[in-house]
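Right after this note come the structures.
Each of the two complexes below includes subunit A, the first together with subunit B, the second together with subunit C.
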Partner chain A sequence: MVEPFAPGILSKEALDARLDALLKEYEIVAPVNRRGQAHFSKIIEISEIEWGYSSSVIPPSKVIYQAEQLLMRFVNQDGSYLVVEQHPPSRQRILLGVHPCDIHGILVLERTLVGRWQDSWYAGERKRSLIIGLNCQNPGPDCFCSSFGTGPFYAPWMGQGPPEGCDLFMTELMSGYLIETFTEAGRRLLEGSELTKPTDSDLVEKDERHKKTLDQFTKHLNTDGLDALLNRHLEHPVWERVGEDRCLSCTNCTMVCPTCYCYDIVDRAQLDLKTILRWRRWDSCQDQHFAEVHFGNFRPSRKARLRQFVCHKLSYWMEQYGCYGCVGCGRCIHWCPTGIDLTEIAAEIRREEIRL
Partner chain B sequence: MERPRIGIFKYSCCAGCQFQLIYFQEHLLETFGAVDIVYGRMETSAGSEEGPFDVVLIEGAITESKQADQLKAVRGRSKYLVPIGSCAVNGGIPAIKNLTPELEVEQRVYSRIEPIHSVRAHPADEYVRVDAYLRGCPVGETDLIELVTALLLGTRPRMIDYCVCVECKRRGNTCILVAEGAPCMGPVTNAGCGALCPSNHRSCYACWGPMPGANAPALARKFEAMGMPPDEIVRRFTEFGCPTLEFRKGAELYE
Partner chain C sequence: MNWILPREAVVVAVKTETPDTKTLTLRLRNSHERLDFKPGQFNMVGLPGIGEAPITFSSPSGNETFQHTVRAVGRVTRALTALKGSDVLHVRGPFGSGWPEDEAVGKNLLIVAGGMGMVPLRPFLLHVFENRIKFGRIVVLYGARTPDDMLFRDEVTVWAEQADTKVLLTVDEVPVGSTWTGPTGVVTELFDHPGVLLDDALALTCGPELMMRFVVRGLLLRQFPASRIYLSLERRMRCGVAQCGHCQIGPKYVCQDGPVFCYTDLRGWPDTLL
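What follows is the complex of A and B.
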């Protein structure tokens, strides 16, 4: 038995047995293959987990920050409305197999949702979620987390990283899983499991796997002074060209982004007018009504909306939160029907500046 | 509004939207008897089309001049006028004929064309000002409930006017256009259906018509790059909502 917070190795069989036991106690949400794509879904059996997945369609941060959340009900009682707040369930659940980029996605999202201002619904969902991270050894063609230092293996980034963002962290090795424990809750999850002390060759293997994974990246983004660079080129022709020729304003980029937090509030009255439900739903700056105010819209063109998305992630976020709003997960690129790539946009602008 | 007086006028269509209303009306009347259907041939045998009405619902496309005349007259007798369903909102299925000369359409369908006085299929808003659009094929329940409750509460209805992708992503679906190259019209189609087809692994075929401001040319070019033949691209953008400016822009690149 090793010290509680020291890293340990758990064999594949022992891990499965442990997870099987946890499944009786907890709801486990893990990457599951549905028609060839990984989705974070509630699992019934351990065998459903797709350990070697590359990227999930919807990021784990948006399992916590749900697409549609019932905030409150207004109930008509004798002519006046009673406000009944809805709260997330308290049952603990485990988010299993979260890649480093997505853990950073959660941390970046939280600078908004539980930063200076506390969103009690998000905080409730977060509080009940234990997170088990997993180093990524299968980056996809659109992944560029290595450019931000947010992956593929965990390393502290902007002073943040898994110790804040997760309870346990795993790396798949030949001999099993190297497990790092960051919180007391994480340690409790492993109670009863026999961890062995990692050997030197285990640690060497981890480094080798890290290097091998880094070599697989085909997409890169030069982040050097990126925020200022984009700020200098808000009228660059790339915005108009990509916005008009290719952008569908379909919102797919923002919906799959792990750090996009925008939402809309909708009240839906039931037909008897006795109950009105107040919902919060994901919204998107790509929707043409998003920036609509009385008598107009301050981002009426697709050019302006596309620029808002890209510059918010790669520039404005820095001023707002002191970090980039992008963690390099590549989902906005992968799921754009017309293949709009924010790394290409940034590279085009940078090339221009070098030419000048 | 106390018991709004409602008139329902049907033009060229399958009447599916009125069926949707009838299912809905039963629920509505039993629950609180809130509205008076003053005129509506499928709903009540009594009543007169003279009005006046608080709300007139228009179903179907305008395909005859006398329909246009009646529509214009009804506008004057109603406080609010709302087209319901794809045919009335943007031409719908009847507007498929708009790509073929009218006489040829008539000759293909009818053996004697003397009693036929058809014109191009037009949405209601090409003839009269409308106050809201109740989209769908048939008309969508979320929007319908929103309209009725807003009317009763005296609030401004918030109709759905974003694209199908928004609902599809909120449901956590895999994008079949990207993942499988399915010819999905979701990115340009108005939502409200709850992404029904993509959620069942079928391409959206735009039955709700275009999302306002949709970038149809970008999607049409994507279809071309996927290897779709030009006539098929034109069909995708003219099956529903052929007269709309948004879909015209997609179709005309390949006509």
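What follows is the complex of A and C.
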């Protein structure tokens, strides 16, 4: 038996039994394998969970911040419109198996959506989501969280991190799972489970696994003074070359990015024309019309749009929110149909400056 | 209240300013509520089923009613300019920064407006004339495409008669049959008129971004300090509260950090015409 909030070890069997019990009470969203890709989906049974996944297609932050959200209804009553606010559901659910890069992605996204002005739908979805993190031991070829310090194991980063990012945190070890508890809600999830005190060798094993995982990274980004570096090279030829020769403006990079928050607001009239639904839906700075106004377009070229994406993540974000807008999850690289890689763009600009 | 929920406003009066531009006088439908704002701020103005657009206030704050002057150029603005008295529309706001009222106190003012750019400057000018002794000399340069595109002509005539105030108007072209006798040419050509560029002045400008590019360059070439130039910008906006992302210029959100910016805060960022 271990003290509440002290790290404990739960055997694989005990964890499965605990999750089985939780599944009767909660909706659990976890990584599952769908046609060869990990997706965060609502599970029906524990055996669906793909524990050793590398990266999910859509990040967990965008399970919370949904692609489409009904904001309000306008109901026509005698010629004027009654505004009916749409409230987010309140039923608690569990986001299970969230990697450290993606927990930091949630915390970064929140600096925009729950800052000075609160997005009540995001805040509601976030509040009802209990987060169980999982240290990553299987980084993919496009992952570079180790360059930022947002992973592969969970640690504080740029003013954010444990305990605000998750309720429980797990590390897979030989003897089972090392469980760290960060919140009272997390502790309650474990009620009824027999945790054992981790041995010294368990903690040594965790460190060894951390080191071994760090050695697996093949992609790196030098983040030293990166924001200022990019600001000095907003007219570097790399933007023109990569943007115009390779970018397809497909918007994949922004759809899979854990920190992209841009949205559009659209009204859809019901067929009876009496009710109008106002929706918020993801938008993308890579879309040709994103920065268009009536007399013209402020980012008419793919060069300008690519520069906006990369510089926003690696530079502008710092002035806006005091952290980078990139957590090194590698999704924008992985899902780019032409292999555009922001770490290569940043490295090319840095090489130029060293040469000069 | 949730900032994204709109409030109903009733159209009290509609004034046709030019063939495609109207000024809507509005009041909040809930008579217990009032809209307090600063000159230069904006509302998201819209209609259910059509959408919202960011529109600056064209009247000063502090009255029962407030005004928006709208040119019909897109889906939302066409619908807004088609409204009649007692129609209801939706507003959210006020959002954004205003003109630097405090910094302007005690200084000479150079106002440079182009076309619709007079709209956000009008509440500021009305505030200045109301508190005339707090400010130095005032120079208003106003350019429009044609004489018929010039907004608030009656008021502009009144401003020209105020003490220590110079108003110079110019148009790009004079249609056949027009009675225009003033100068033709772009607004920056007025810079070299005597008494236009004053010492210890603040320049406030709004108009098409390309016009503001030449206003800024024209002022800088004449040794006007960059830190004393303020501009009001237009960008696509969906939220008004630095979340939808559309209005960003480098690290700046036009909706929250602007729409009024000091030129030094915008200098060097890409994707502007400045």
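Here is the rule we go by: the second predicted complex is superposed on the first by the 356 of 356 C-alpha atoms of A that agree within 3 Å, B and C clash if a C-alpha of one lies under 4 Å from a C-alpha of the other, contacts with A are read in each partner's own complex, and residues count from 1 in each chain.
The criterion applied here is as follows: contacts are C-beta pairs under 8 Å (C-beta built on N, C-alpha and C of every residue); 3 or more make two chains touch, one makes a residue touch a chain.
Here the structure is a predicted model, which is why all the values come from computation and not from measurement.
S.K.: Pick one for A:Ser120: touches subunit B only (first), subunit C only (second), both, or neither.
M.R.: Once the two structures are laid over each other on A, A:Ser120 reaches subunit C alone.
S.K.: Figure out whether A:Tyr81 sits in contact with subunit B (first) or subunit C (second), or with both, or with neither.
M.R.: Only subunit C is touched by A:Tyr81; subunit B is not.
S.K.: For A:Arg281, decide between first (touching subunit B), second (touching subunit C), both and neither.
M.R.: A:Arg281 sits against subunit B, while subunit C stays out of touch.
S.K.: State whether A:His312 touches subunit B only (first), subunit C only (second), both chains, or neither.
M.R.: second
S.K.: State whether A:Leu10 touches subunit B only (first), subunit C only (second), both chains, or neither.
M.R.: After superposing on A, A:Leu10 lies clear of both subunit B and subunit C.
S.K.: Considering only the touch criterion stated at the top, classify A:Ala269 as touching first (subunit B), second (subunit C), both, or neither.
M.R.: Both subunit B and subunit C are touched by A:Ala269.
S.K.: Let me test your reading of the model: by the given contact rule, A:Val57 touches which partner, first (subunit B), second (subunit C), both or neither?
M.R.: Once the two structures are laid over each other on A, A:Val57 reaches subunit B alone.
S.K.: Looking at the overlay, what does A:Ser249 touch: subunit B (first), subunit C (second), both, or neither?
M.R.: first
S.K.: Find the residues of subunit A that appear in the contact set with subunit B and again in the contact set with subunit C.
M.R.: Shared contact residues on subunit A (touching subunit B in one complex, subunit C in the other): 266, 269.
S.K.: For the complex, give me every residue of subunit A touching subunit C.
M.R.: 71-72, 74, 80-81, 83, 85, 112-113, 115-117, 119-120, 231, 234-235, 261-267, 269, 276, 278, 283, 285, 290-295, 298-299, 304, 307-308, 311-312, 315-320
S.K.: Which part of subunit B faces subunit A closely enough to touch in the complex?
M.R.: 27-28, 31-32, 142, 145-146, 148-150, 152-153, 158, 161-163, 165-166, 169-175, 177-179, 186-188, 201, 212-215, 218-219, 221-222
S.K.: Would you tell me which residues of subunit C are touching subunit A in their complex?
M.R.: Interface residues on subunit C, with respect to subunit A: 2-6, 8, 48-52, 73-74, 77, 88, 90, 208, 234-236, 238-239, 241-246, 248, 250-251, 253, 268-272.
S.K.: Under the definition above, what is the set of subunit A residues touching subunit B in their complex?
M.R.: Spelled out, the residues of subunit A in touch with subunit B are 34-37, 39, 57-58, 67-68, 244-252, 255-256, 266, 268-273, 281-282, 284, 287-289, 302, 334-338.
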